[in-house]
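Read the structure below first, then the notes.
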Amino acid sequence: MELAVEKYKLAKEPYYLPVANEVDLFNAAYSARLPVLLKGPTGCGKTRFVEYMAFKLGRPLITVACHEDLSSTDLVGRFLLEANETVWHDGPLTKAVRSGAICYLDEVVEARKDTVVIIHPLTDDRRRLPIEKRGTVIDAPPEFMLVVSYNPGYQSVLKDLKQSTRQRFVAMEFDYPPVDSEIAIVAREGGVDETLARDLVTIGHKIRNLRGHGLEEGVSTRLLIYAAQMTAKGIDPIAAAEVALCSPITDDRELGRSIREIITTVL
Amino acid sequence: MELAVEKYKLAKEPYYLPVANEVDLFNAAYSARLPVLLKGPTGCGKTRFVEYMAFKLGRPLITVACHEDLSSTDLVGRFLLEANETVWHDGPLTKAVRSGAICYLDEVVEARKDTVVIIHPLTDDRRRLPIEKRGTVIDAPPEFMLVVSYNPGYQSVLKDLKQSTRQRFVAMEFDYPPVDSEIAIVAREGGVDETLARDLVTIGHKIRNLRGHGLEEGVSTRLLIYAAQMTAKGIDPIAAAEVALCSPITDDRELGRSIREIITTVL
Amino acid sequence: MELAVEKYKLAKEPYYLPVANEVDLFNAAYSARLPVLLKGPTGCGKTRFVEYMAFKLGRPLITVACHEDLSSTDLVGRFLLEANETVWHDGPLTKAVRSGAICYLDEVVEARKDTVVIIHPLTDDRRRLPIEKRGTVIDAPPEFMLVVSYNPGYQSVLKDLKQSTRQRFVAMEFDYPPVDSEIAIVAREGGVDETLARDLVTIGHKIRNLRGHGLEEGVSTRLLIYAAQMTAKGIDPIAAAEVALCSPITDDRELGRSIREIITTVL
Amino acid sequence: MELAVEKYKLAKEPYYLPVANEVDLFNAAYSARLPVLLKGPTGCGKTRFVEYMAFKLGRPLITVACHEDLSSTDLVGRFLLEANETVWHDGPLTKAVRSGAICYLDEVVEARKDTVVIIHPLTDDRRRLPIEKRGTVIDAPPEFMLVVSYNPGYQSVLKDLKQSTRQRFVAMEFDYPPVDSEIAIVAREGGVDETLARDLVTIGHKIRNLRGHGLEEGVSTRLLIYAAQMTAKGIDPIAAAEVALCSPITDDRELGRSIREIITTVL
Amino acid sequence: MELAVEKYKLAKEPYYLPVANEVDLFNAAYSARLPVLLKGPTGCGKTRFVEYMAFKLGRPLITVACHEDLSSTDLVGRFLLEANETVWHDGPLTKAVRSGAICYLDEVVEARKDTVVIIHPLTDDRRRLPIEKRGTVIDAPPEFMLVVSYNPGYQSVLKDLKQSTRQRFVAMEFDYPPVDSEIAIVAREGGVDETLARDLVTIGHKIRNLRGHGLEEGVSTRLLIYAAQMTAKGIDPIAAAEVALCSPITDDRELGRSIREIITTVL
Amino acid sequence: MELAVEKYKLAKEPYYLPVANEVDLFNAAYSARLPVLLKGPTGCGKTRFVEYMAFKLGRPLITVACHEDLSSTDLVGRFLLEANETVWHDGPLTKAVRSGAICYLDEVVEARKDTVVIIHPLTDDRRRLPIEKRGTVIDAPPEFMLVVSYNPGYQSVLKDLKQSTRQRFVAMEFDYPPVDSEIAIVAREGGVDETLARDLVTIGHKIRNLRGHGLEEGVSTRLLIYAAQMTAKGIDPIAAAEVALCSPITDDRELGRSIREIITTVL
């Protein structure tokens, strides 16, 4: 069974620059067998951090992108008809519990209520997963860990996480990386020199300052890397910045014009 | 059949510190074969109390976390296709009735209406469970008991329990444990000395006083234990308190700042 | 077929104290083959009355607790796959029609529209049940009777019964039993002496007077019996009254305090 | 095939007292192969009229009570699994078209939109029923007739019939029968003498005058017959009138009192 | 395959009186392989026009009445279980594409979004139908044509056709036929002489003038024909006009009175 | 497997006139393995551009028209019953990932949330598609590319793309082609001479100026081509312009009159 999840082990160490004490906190939670909640904006590195920790801890990582049609059945498993018989197929959460993997539910608030509730018995001292459709219960091995993420910036428009769910997690807050880290990341992942990376990060900070002035969310580190990659493929930096840093984040003409001005001022 | 539920018996006595006359009341209700409703905030010990009573009474405990997609079929049972034939599989409620277990429906208001109604004939003097899909009725043995819980703090935002359902239960009210009990619990479960436990409980009380000032619900005993556990794993108490007592319960910047001030003042 | 419903016959006469002419009215409706609608608050004895009449008339009683997911299929029957073939299974209504039982739909307004409409041809002079999924129609024998109940106190918040449905029934109005009857019932069913029963009924009347002052519905006879039963099991009468007459019916602090005052004043 | 619908033929002439030219209009529509829409309040005799005309025309009558979960599949037919194969089963509409029966859709506005649209090609000069799930079309024989009913009193609260549907029918308006007819009907169907019947009809007219003063809909002829039948079974006329003419039609205390006054004044 | 749709060929020329250049426009669109959108009120002759053009062009005509439960599966086809295997069954649209028929989606705005979108690739220069459930794509032969209709009078209350759908069609506007044409149609189809036909058309025009004065939609040519047919079957013209031109189109008492006055004034 | 998608390769180069640097940007994104988002109004050439690039890059193109019932199952694949066994069938997205095709999700905002989320792991550096129903994950080959489109003009009325989705794409903005390009396109595709094409484009520009004066969206290049094609089939240019440029885009009488005036003024 352990073998079956080998493919969920990360082959090489993901690139991640620690920012504060997040590695220690995660290790302590893992060792105390506490579930972890990662809070932070889109594209600030939450997923990468979980991949990094899974690699460091030597555990397989099973990721599920949550959405409003994700049912507990999708997570836990279902019966399928095979050769005239219904055969049980483990869902990703059951697979993770069985094999002591790290299960990462990305954007957990998007999931349906039954999906959120199914993790309750896994997140207190019982650490067990009831599989109601089979009438059994499986106990999580010490290696199993549950990590969920959500973006508090959406909190007001979308359904919030219930307190009875939230209060089952140790919560770590994430934000975009500090300037120097972000420059290093953009240069390395985008394949450009530090000068251009610094310019792109400068643009990124100026765009993030537009939040509260009509911009829903700041530009992510990922988009800064896209701009770098487009330049590395021969596109003019200004054109690259427009398609990577302006058009993806807004459809508003005024905002678009402001962002384009930022781009041409810096580059 | 009795054997099949042996796995739902608790192997060792769960740690529970009685607060008032709750044990006597539960015993009387059990002996009078009355269903019990537990009311109280998130993480104040309702689940632990039911586990404790189930152990003391020597009954298996079958717990179902209710959610808005929980159907009566999920509780009672369903037909599954096996080798060209539909075979009946008991749901958790049916299993509990058949074997004289204690059935605990956690956060029952979250369940769908059909789920709530299915328990009606079990909660009056008929004490029977009609299994409409099979066209049969099973009578509950004297040992069977139904316990449900709900959090009245949610009452205004979520759908309330109907009077025709509520008036079928003896209701016991729970709250966070008294100071000394809570210190003992945090020290024991969190693996820390009484001094730190006392500090954490002090923080807990101060945070609970913020209810009505923007905080939806107070910090639970469970989170106090998390903070203790993180410290026991080597994390600085202030950092541990932040990830366990602040970030999980609010996304609001102002509230977060107030809670952090409480933490640094006490620790 | 008649045998199959034998288990729905009541083995011994249910305890019921007639209040007015309700027994005569029910007998006349039965003999004129008219369907009956019982109106009244939660826990005032409607279900017990139907059980009593079913026993007196010597008919099996098939009860269905209605809820908003109850479909006409649940009532009429469904095809199930058995050994490669779909086999028809009668639902409770069909079973009642076939065997000349009394079918009692409890809280009929809760059911879905298709469920309510399916009873139309059974409730006029046709007295027939079309089983559309099988393309057949079955005629009700003279012994068959349909009884439905609903609580007009909910009428304003829930969907009302349509006139085209209501006007198919003879309607009988129920309320809590008169004082002396209620004392006799509480003493007998609760296993306490008349003095305590009288005190509990006094408390019940005072609580019912709070209706219109924030209390949604009065305390039912059933809860008065619960309080008596808890006392009979050794609980202090005041504590018993609190868990049976106060906590189940309100979550409001002010109301709770008023009810507790009533309890301590009387006991 | 024709034989299969023999059971839908009425065995004896239903009792119906023609009021105006409705029989001629229906005969003309039948002979011109036009579909008919019956408009009128609950229990005024629309269903009885259709039964009467079906008997007079010597056609089987297939009635479907429409409700908001009635799908086109329910009307047209479905595939069912039988011995490893899906076998087609005609729905009531298809059965009616095939055998030249009269198909009566009672309260058609209650049905889902797909159900209403399925009758469109049957109600213009094409007179054909496409069975999309089988990929075939069947032509209606000259004997087939479609009749639908609806209650315009509900029109404002429920979804209205679309013009594109309405304009496919010849529409006949119904109301409660004139005084003398209604007395004859109540006496005959209720099994009472003309004096009591006259009194009950007088009460009925007075109650109907309360419409617009809080009463949603007047008391139907059917309920007047119920009151008569209860009296014929030995119930006191005033008590019979209360359970048949007052309690079924309103839950409002004031209205109830007014109706009871009408009853005691007349009887 | 071509044979299978033979039954969708019209056996004889439908009666249609061309009003303007609609025949030329339709022929040009057919020859340029452009899809056509017919706009106009209920019962003004859109369906008849398509039948006429299908006959003239010698193509089979497959008509689908759209409704809000019509899914893309209903149009494209589905798998059905036959003798232990799922077998594909073409839906009406697929059948039309395969055989080069004219596919007519009547009242297309009523259909679900997935139904509307499925026609997109058929309505640009690709002219292909992807059958996602089978993973194939079929190319439409030159003879295939898609025609849809909708009633812009409903546009404000119902969901509108999206621009991305509308801009895929050549659109032709329809209205009730001019006076002389309509008289000829009513006389011919209704089986009455020109004098009565003229009177009925006069009534129709007067009623149509009530639009904007409470009348949702004018009386259709079809209803004028109904009135004529009822008269031809021996009903008095005024009674025939009432059941065909007044009752079907309104439930409003005032409007009904106005229409009846128009009828008695003219006839 | 590669062979199976051969039919998705475009046989001949689609006609496309590049406007700015869009071809370079697309090539750079393809080479950097970045997903692309195309923004622009209905019928401005986004689909044609993707076809053109797919041809130039020599990749198969799998297009999916998104709609609000498009589920992740439709995209990824499903189990179907074949000869007593459930057999997996790849959906279009899985097929594209497996074979290194370009997958084009047209109007992606229309799709359900689960459909949008399923593409997340494909659009960051993981480039993998988890197939949860099979419990496997497939890695995208370097040739695979994901392209999505949406129309920001609808953004305010429909659900917007979430930032967590948008920030995964390089975004390119499209608009109607410049005058000379559009004339060339209309002449070539519509089969008319440049004079008429110029007139039609002039009309198009004037109609587009009505946006903001009641017109939801401007007339598309596709409709200009339709007008040309109708003329080429012998229809008078003014009549052709009316059915192609006026009736399809508005139901408003005033707007219709304004557009007709534009047409008659120019032609």
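Letters A, B, C, D, E and F mark the chains in the order given here, with residues in each chain numbered from 1 onward.
Rule of thumb we're sticking to: a contact is a pair of C-beta atoms (placed from the backbone, for glycine too) under 8 Å apart; a residue touches a chain by one contact, two chains touch by 3 or more.
Given the structure is predicted, the values throughout are model-derived calculations rather than measurements.
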| item | value |
| --- | --- |
| Set of chains adjacent to subunit E and to subunit F | none |
| Number of hops, subunit D to subunit F, where each hop joins two touching chains | 2 |
| Far-end chain from subunit F, centres as C-alpha averages | C |
| Centroid-based (C-alpha) most distant chain relative to subunit D | A |
| Copies subunit B and subunit C touch via same or different residues, half shared test | different |
| Euclidean distance of C-alpha centroids - subunit C vs subunit F, Å | 60 |
| CA centroid of subunit B to CA centroid of subunit F, Å | 52 |
| Shared interface positions of subunit F, touching two or more other chains | 81, 84 |
| Category of the chain touch graph - line, ring, star, complete, other | ring |
| Partner subunit C, residues of subunit B touching it in the complex | 21, 24-25, 27-29, 31-32, 34, 37, 39, 71-72, 79, 81, 84-86, 112-114, 116-118, 120-121, 124-125, 130, 132-133, 135, 137, 152, 155, 162-164, 166-173 |
| Complex interface listing, subunit C residues touching subunit B | 7, 42-43, 47, 63-70, 74, 80-84, 89-92, 95, 106-107, 110, 151, 154, 189, 216-217, 219-220, 222-223, 226, 229-230, 232-235, 239-240, 243-244, 246-249, 251 |
